[in-house]
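The two complexes that follow have chain A in common; it is paired with chain B in the first and with chain C in the second.
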Partner chain A sequence: MSTYVAPVKDMLFAMNELAGLQEIVGLPGNEDVSSDLVEAILDEAGKFASEVVDPLNKVGDKQGNKWNNGVVTTADGFKEAYATFCETGWNGMPASTEFGGQGLPVTVSTAVLEMWKSASISFSLCQMLTLGAVEAIAHHGSDELKATFLPNMVSGKWTGTMNLTEPQAGSDLAAIRSKAEPRGDGSYAISGTKIFITWGEHDMAENIIHLVLARLPDAPPGVKGISLFIAPKFLVNADGSLGERNDLICASIEHKMGIHGSATAVMSFGDNGGAIGYLVGEPNRGLEYMFTMMNHARLNVGLEGVGVSERSYQHALAYARERIQGKIIGDKSGEKKPILHHPDVRRMLMDMKSRTEAGRAIAYYVAGCMDRAHSHPDADVRAANQRRLELLTPVVKGWCTENAQGITWNGVQVHGGMGFIEETGAAQYMRDARIITIYEGTTAIQANDLIGRKTAKEGGKSMQQLLADIAETGSALRASGNAQLKAIAEALGDGIAALDEATNWLIANYDANPQAAAAGSVPFLKLTGIVVGGWLMARSAAVAAERLDAADGDFYKAKIATASYFAQHVIPEANSYRDAIVGGAESVLALEEALF
Partner chain B sequence: MSTYVAPVKDMLFAMNELAGLQEIVGLPGNEDVSSDLVEAILDEAGKFASEVVDPLNKVGDKQGNKWNNGVVTTADGFKEAYATFCETGWNGMPASTEFGGQGLPVTVSTAVLEMWKSASISFSLCQMLTLGAVEAIAHHGSDELKATFLPNMVSGKWTGTMNLTEPQAGSDLAAIRSKAEPRGDGSYAISGTKIFITWGEHDMAENIIHLVLARLPDAPPGVKGISLFIAPKFLVNADGSLGERNDLICASIEHKMGIHGSATAVMSFGDNGGAIGYLVGEPNRGLEYMFTMMNHARLNVGLEGVGVSERSYQHALAYARERIQGKIIGDKSGEKKPILHHPDVRRMLMDMKSRTEAGRAIAYYVAGCMDRAHSHPDADVRAANQRRLELLTPVVKGWCTENAQGITWNGVQVHGGMGFIEETGAAQYMRDARIITIYEGTTAIQANDLIGRKTAKEGGKSMQQLLADIAETGSALRASGNAQLKAIAEALGDGIAALDEATNWLIANYDANPQAAAAGSVPFLKLTGIVVGGWLMARSAAVAAERLDAADGDFYKAKIATASYFAQHVIPEANSYRDAIVGGAESVLALEEALF
Partner chain C sequence: MKILVPVKRVVDYNVKVRVKSDGSGVDTANVKMSMNPFDEIAVEEAVRLKEAGVATEVVAVSCGVGACQETLRTAMAIGADRGILVETDVDLQPLAVAKLLKALCDKEQPQVVICGKQAIDDDANQTGQMLSALMGWPQATFASKVAVSAGKATVTREIDGGLETLEISLPAVVSTDLRLNEPRYATLPNIMKAKKKPLETVKPADLGVDVTPRLTTIKVAEPAKRSAGVMVADVAQLVEKLKNEAKVL
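Our next item is the complex of A and B:
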């Protein structure tokens, strides 16, 4: 078993060169943040990830959570690690200073969150859900609710959940049936069954604050009749101490393919008259409020894709450096060499490495957009970054999680037969990764958002602006006179042409033939991911080409080689996605349902 | 949970139209085989697969095998099902009549074996290993060994195994260290540890016949010093009754990602002086003998890819027909419709369906080659089929198993969140499928065989002949005047051009730059699979186009739609593989090992 080592240098490179960290630390509100501080935070977080979080990963997978009559017991070590995580301030770190967080730029917290996700997705989910709930309450809750719940949630003393899904309401939240009846005192009696509630019940914190979507008695049908409530596991007394147990219980936990370390709960609300809940914001605007946090959560799930990919790569690389097997083709040294020297093993590792770096590049770049959209003094810059952020949010979620599937799969393949043996550890990353293209909106849901609201419905303006930016990078690389950069620019040019053609087709067909557009939606998302990933890899290579003579020139040499791999092996897929979008809808839709 | 239903009509279509069943049943030795008989066999096998084998799949996954002090207990129902399997003659069905089998054409037994693999890969492996051992003994063993072991192995009273792998000798069998010392009486004392031994120990049969690779004391080093031995769990007395327990034991079983229903054993030979073994054939030719059965086993593992894909497709389809979720885009009926109507769900199902049918097409086509290579009266036809069989064996193994990864993955995705819950059953197919790109030679090992011995080393003659046959189909489709067939032919033409270019590049570079050739080997295998799959789908469509007016015209309509999907969505990938092969080696090999 390898130990996770946070790739701090790679992270800082992506933060500085792609997300624009220098600009971000200079933005209003970031006066206390310096590059040195960021580096120190990343070093400390990296240590914590290796020493405290990483050891949880396997034990969580193996032991899972135990359910007994509504009580859930986490695997050995989780409780203690969580306590340390909170004590050292990592839990609340990304939150606003107003409630006890450190108010760091999203770009910085993104890098830190990637580390928790690499070290243990299961463990990291608790913080992610809690901070998502914090965000929703902070944006939409009353001052009283904020004062009652936020400080303890930010510190991690209490954790948070999102109760959306019901058996009949998964991707389609319009079908939610849970009810909220006014109790006459300003609170509500919540009843209903929620499923797939991550960290819905556990023993790491003294209270769990459930955010619950439910319908008021007079609510209109569909998505416009859903309200958001807070229903704590234990009611909170006026003095902030814990009161009675609320009428909600974890009815069971799921037996899942992966992320065994985090319980996925079936939550039953109101078996004895109704769980006491508090309305967040205005009635019937619950879904809108949930989306405030959901968009951020989607970026974080995309980041899970990056994190688990990085971990799987490190694990496979460690094995490939050690394992000796077979003669290396074309090698005349006569030495026994590890399998890293086999060309196909190298191909798999380069594929893992380049896609992981491209995923990180997009995730961090979008984090930078978020920081600028939030804090830049120029309203036009804020607006432009907001548009870019919105355009690429489904791409970060969809593409980084889809990539993680092939990456973690290759991570097993590099190990040969040992990869299939659970003790080796490689299989767990693949099993854990399997949920991330599903939760927080499946890839199809992301793709639907990308082709519709984010592209066709605004006439493709944001996408064309993005393509113009990408083309500019291509021109710069071509003008550089550097043969490697020119080759990358050429591949990128093919990608731009493919995405441009697909975008034009989409805009021409979206209204007239929505089913055809939807048939190509996931290929369109993947195509976008490849081209944006290729763009950021090209930018990385351009920066690296200037620094080959530096003391750490090898680091930059590797950046160019990795970008070249991406250009030669990944970007060519763009054409096949374009073909599938532009010419493939008919065959997706041709077969009558009875003939499947 | 859906129940597996053997796709008998699809199977017969592939057997008749692609493998050439009519010709095969007319070959010498097949006098007792008629089309009616074949249909009856498939119907009966389909029933057995649904009723007896399919119910084992889940219980095997959940319970796994229990190991206790060398004794392995199978999951509930396996023992009884295996007894029925043997009693009804299914175990020995594919074997030669000489030892109690039914001597059916490989094309027929291939379809039947696909059913066992769909119903339960774990269960099917026992028969596969036993018949592999039967084949090795039948081809290379003495008459005495054959008489002693084969009848009971064919009937299934005794099962067989292949003991190849050792901890330091996986893909590289040259590193085998197990020893065989002559005992002076013609037998040998075997010692050593073998790992990853499928069905190495269990409670379904009274004896287990281990085929073991080991070295004689005077053996030359490397692959030329490995001999093949039979080491039965219980020695066999002269009268055929069971004698003493041999000095071999199952030291432990593995905790695997999938195929939990079949124990994967660590076998320890000779802890107490040496397991008694019998040399098969001549000394030092063990690896060559193993390859007799390994090539057939590779085809059968390819078939596992088809079988598990079919099962995963049926499972996902059943869910997609039932589950109601969300509004169907562009649908104005106002009805609640199942998710099968969502364009992206259709896309996933079409992808699963078309790749599964293409995989079946290749596997059955190659089975047909095997029958003709074995039994055709014309020596030239035999030789041509033998060449085609050899060329495509690594493609069946590599491509059908690689395809099964994406197919079973989509099978989970169609289920949304439910796919991640183990009780749903979709995840098991994905976990089970994960081993098939590894065992019996990883995809890289197959690809190495394909680019080297099967292509470059013979100047690409077999590949060029194949490409000529494919081009001929393309011409016929273009000449047909049918617009759908012409569109398929056009896509196929792109595929042919890509494979042709890649083949020429390979031949030009294989000797001069073997590492570059190896860097593109897996993409080359996938490219070949796509083009050959596309060819056979095109041939299917051409046959179907003639039969649209038949009573079962819908079946043929579906065949054309499925072939069109393959042409529009899968064949376009050919170009990106060509690019990776022809232009991608440099970036695979560029990074110094230290910089990974």
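Our next item is the complex of A and C:
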């Protein structure tokens, strides 16, 4: 078994060189942050992730959660680890200082969150859901609701959930049926069944604050008639103490393919007359409120893709260094050596490493955009970063999670037959990764957002601006006189041409032939991911080329090699995606329904 | 009461160390460094004494390169009140460190110095003892329990075959063993506060100490690889092999 070691150096590199950490720590509101503080935070978080969270992962997978008559018991060690997680202040880290968080830039919390996700997706989900609920209440709730719920949620004493999905309302939230009836005292009686509620019930915190989407009696049908409510597991008395148990129960938990450490609950509201709930914000605006958190939530799930990929890579690498098998082709010594020496094992590890680093690059870059969009003093800079953030959010979510499938799959493959045996632990990362392309909007939902709202509906302006920025990096690399950088720039140039052509085709066909455009939406998302990933890897290589003589020159040497691999092996995929988008819709849509 | 805690920056215990190809030492370039785990226990013990109201101030000291500041910040994130860095690029040996610590003890006048029993890089296990001799203070090494009251410390120490409890008068040097305590994880607010705590940098010359190495490392090598064993058929064959092959009988 391997132990997770946070890749602090690569994280800092991505933060400094791609997200622009130096600029971000100088933005208004970040006066307490300095880059050496950031390093200290990453070191301590990395230690906590290795020593406390990582060891839980396998236990959570093996034991899962136990449901008994509405009560859920977590796997051994989760409760204690969660308590320490909260005591040390990691739970509330990304939240604003107003409610007890540390108010650190998104770029910094992104790196720390990646560590929790690497160490255990299951464990990390509790914090993610809680902070999502905190954000919703902080933005849209009344002062009274904020004062009642937020401090305890930020500290982690209470956790939060998101109750959106119902059996008939998955990706299509317009089909929600849960009801909220006014009780005459300003509160509401909530009833209905919600499914797939992550951390919906557990024994780690004294109270669970459910955010619930439901319809008021006079609500219009569809998405415009959904409101957002808070329904706590235990009602909260005026003095802040816990009162009666609310009329809501965990009816069962799901048997899943992965993330066994987190309970996925079926929640039943109002079996005995209605769960007491409090309206957040205005009636019928629930879905809109949920969408204000979407950028964060989707960035965070994309980060799960990076995190689990990194963990799977570290696990496979440790095995490849130790496992001695066979003689190495072309090796005159004839000795049997660790499988890391076999060219194909290297290919798999390079593929895992380069895609993981490219994923981290995009995720951190977008986190940097978020910080600048929020805090930059210049309104034009804020607006430009907001556009870039919105354009790339579905790419972070979609591409990093799709990539994680192949990466964790290779993580099993490197282990050979032992990868198929659960004992080695490689399979868990693959099973855990499987959900991330699905929840918080499937890849198709992300791709739909990317081709529609983010590209075609605005005439491709944001995309063209992005392509211009990428081309600028290409020109700089070509002018560098460095053969490795030039080769990377050539590959990147092909990628730019492919994405440009696909974008133009998309804009021309989106309205005229919406089915054809949609048929190529996921390839378009992957194409964008590859080109943006290639761009940021190219930028990384350019920075690294300047530092080869530094004391830590090996790190930069590896950075260039990794970027070269990405340019030679991954960017060429851009052409096939372009071809599929531009010329492949017909065959996708050709079959009559009966012929399937 | 003031407590002084020396902390050393060492290769992280998770890192598999590699010997440099020229045998001149261990490769520390590009390797994760952190606080010596025994020193972390020492900081934790000092901070607990402060939290219990026994100590009033905890001063962390590190001797070495500029990057030791990070180690001092870690100590301050656990709860040390301030830090002193004795900055030098010279490869410090235990006697040099003990002399630097003596100079700081003369200046700071702590009642107790709590140090790790050894550092996990060179495993010397000498600095605490040398400091005690240089100061003329009592020492209690390998502590697994420490109680401090009214000018005295009662220290339980781990010795071969059991535990020994000593009473020593203060000021004194105590060195920590693994079972003394389990260091806490620094909280995020304390990590942030640590950046604002005072950190003073001095040079060995400011303290009037000559840190020139007195020992020369001739060669550093990996431990010899163990060769595979063989199964013997019976006792007679074992005795035969011990006599004729191993030649130990």
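As a convention for this text, the second predicted complex is superposed on the first by the 596 of 596 C-alpha atoms of A that agree within 3 Å, B and C clash if a C-alpha of one lies under 4 Å from a C-alpha of the other, contacts with A are read in each partner's own complex, and residues count from 1 in each chain.
Going forward, a contact is a pair of C-beta atoms (placed from the backbone, for glycine too) under 8 Å apart; a residue touches a chain by one contact, two chains touch by 3 or more.
Quick caveat, the model's predicted, so the values are computed rather than measured.
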item: Which superposed partner A:239 touches (first chain B, second chain C, both, neither); value: neither
item: First, second, both or neither for A:437, with chain B first and chain C second; value: first
item: Which superposed partner A:32 touches (first chain B, second chain C, both, neither); value: second
item: Partner with the higher number of touched chain A residues, chain C or chain B; value: B
item: Which superposed partner A:554 touches (first chain B, second chain C, both, neither); value: both
item: Which superposed partner A:343 touches (first chain B, second chain C, both, neither); value: first
item: Chain B versus chain C as contact partner of A:335, first or second or both or neither; value: neither
item: Touching both chain C and chain B, counted on chain A across the two superposed complexes; value: 554-555
item: Residue numbers on chain B that touch chain A, as the complex places them; value: 165, 168, 170-172, 174-175, 195-196, 254-258, 317, 321, 324-327, 329-330, 340-347, 349-350, 353, 405, 409, 412-413, 416-417, 419-423, 427, 430-431, 434-435, 437-439, 442-444, 447-448, 513-516, 518-519, 521-522, 554-555, 557-558, 561-562, 564-565, 567-569, 572-573, 575-576, 579-580, 583-596
item: Residues of chain A that touch chain C when the two form their complex; value: 3, 5, 8, 32, 34, 36-37, 39-41, 43-44, 47-48, 50, 52, 84, 87-90, 93, 102, 551-552, 554-555
item: Of chain C, residues touching chain A in the complex; value: 14, 29-30, 32, 34, 70, 73-74, 77, 185-189, 191-192, 194-195
